[in-house]
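Below: one structure, written as structure tokens.
Which chain is which? They are A, B, C and D, in the order written, and residues in each are numbered from 1.
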């Protein structure tokens, strides 16, 4: 069975309780992934609410809009950034 | 008899032929001094023409407009600047 | 254009980086450097440390891409970016941006552009550790987003 | 605000000046440096040297005055200006401006403001010496006057 690896950064790591996870994944988009994760309950819906997610990264590429996530992908979920 | 000391800078030194001079001076303004120096002939009139003089300095203070030059003053005549 | 991007835990040295950059800067007449330092008294409680994390690989690639955008926009001869991650004490340098150009306005604008990018778009996250033992992830500032919007 | 202005014939060192300035910069989070270098290939004939002169006393006082203007306009904690005079070879530093502030935009703008002033208003004059033995006083550039007019 296919899966993806999800990486959480910054405050999202604390909010969801871990830095990374492996998720069964037959295929789909970033929008479908976010909807699925938000569906895990109130804590997840809050942690991954619109203003809390700044960018999604698929296989080390920042993606815009509703992008495809192929099985086997690495997906980074990035909260608003605070560098410099 | 009273006098002033005049200092020339940058290309003005070459244009008038010396770096400084002492001039008899009973009193007057920067405008009167420039008129007197320009009256020395065509070379002086050209060297001290409007676009060639950027600032006048009286006793180490940059002056604007037609400023008073007291007897005994040091007067700097500054061509357009090219620092930095 | 010469372009050198590093994410590191170690401190950096402005003087050494300037000397190294000038080897690659050619006949550039203008060099602008920006150095950001950890502020110890920005909040009500004194800061004891700042912890920074990034997305290895992605962050470096994104900074390299934006440096390329800057080079397309301004006539630059060399760009150097160092961003630190890990635990930093107040007063320590966090970020260094060096830009060399034949034109001083280009050097100033490109350095400001790169800093605005690093503040608003580059994947870095800061956590503040305070003298009372508390800690918190830093909130993104709206003013930084406004600064970056200047270049859009 | 700490303010240190020097006109000197000796070379300067960006790293040493940055370290010295930070002693006076307090809890400033942002430091911007501008360094100008002698360009060797700006004209048709290669440059062998640049000679700079100033008006001793007047030039220093004017730069100090303009640094005060900058401090009134932006929240600066420290300003350092070094301008060299005498004979300089291509590649050598001519001018160094360092500005420390709590705010990066203020540091960038104040450094650009000081450089525009130094280019267009400060009493300095440059003479170029070329590889063929010729020399000439540099003409003031209209573009520098335009840059300074931004701040009026």
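One rule holds for everything that comes next: a contact is a pair of C-beta atoms (placed from the backbone, for glycine too) under 8 Å apart; a residue touches a chain by one contact, two chains touch by 3 or more.
Small disclaimer: the values here were computed from a predicted structure and weren't measured.
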| item | value |
| --- | --- |
| Shared chain contacts [subunit B and subunit D, defined touch] | none |
| Distance from subunit C to subunit B - Cα centre to Cα centre, in angstrom | 49 |
| Centre distance in Å when subunit A and subunit C are each reduced to the mean of their C-alpha atoms | 26 |
| Intercentroid distance (Cα basis), subunit B paired with subunit A, Å | 73 |
| Junction residues of subunit C, two or more chains touched | 36, 104, 115, 119 |
| Junction residues of subunit B, two or more chains touched | 84 |
| Set of all touching chain pairs, with the criterion as stated earlier | A-C, B-D, C-D |
| Residues of subunit B defined as touching subunit D within the complex | 7, 9-11, 14, 54-55, 57, 60, 62, 76, 78-84 |
| For the subunit C and subunit D complex, residues of the former touching the latter | 13-16, 18-19, 22, 27-42, 90-91, 102, 104-105, 107-108, 111-112, 115, 119, 147 |
| Sites on subunit D touched by subunit B in the complex | 36, 52-55, 57-58, 61-62, 83, 94-95, 115, 118-127, 137-141, 144 |
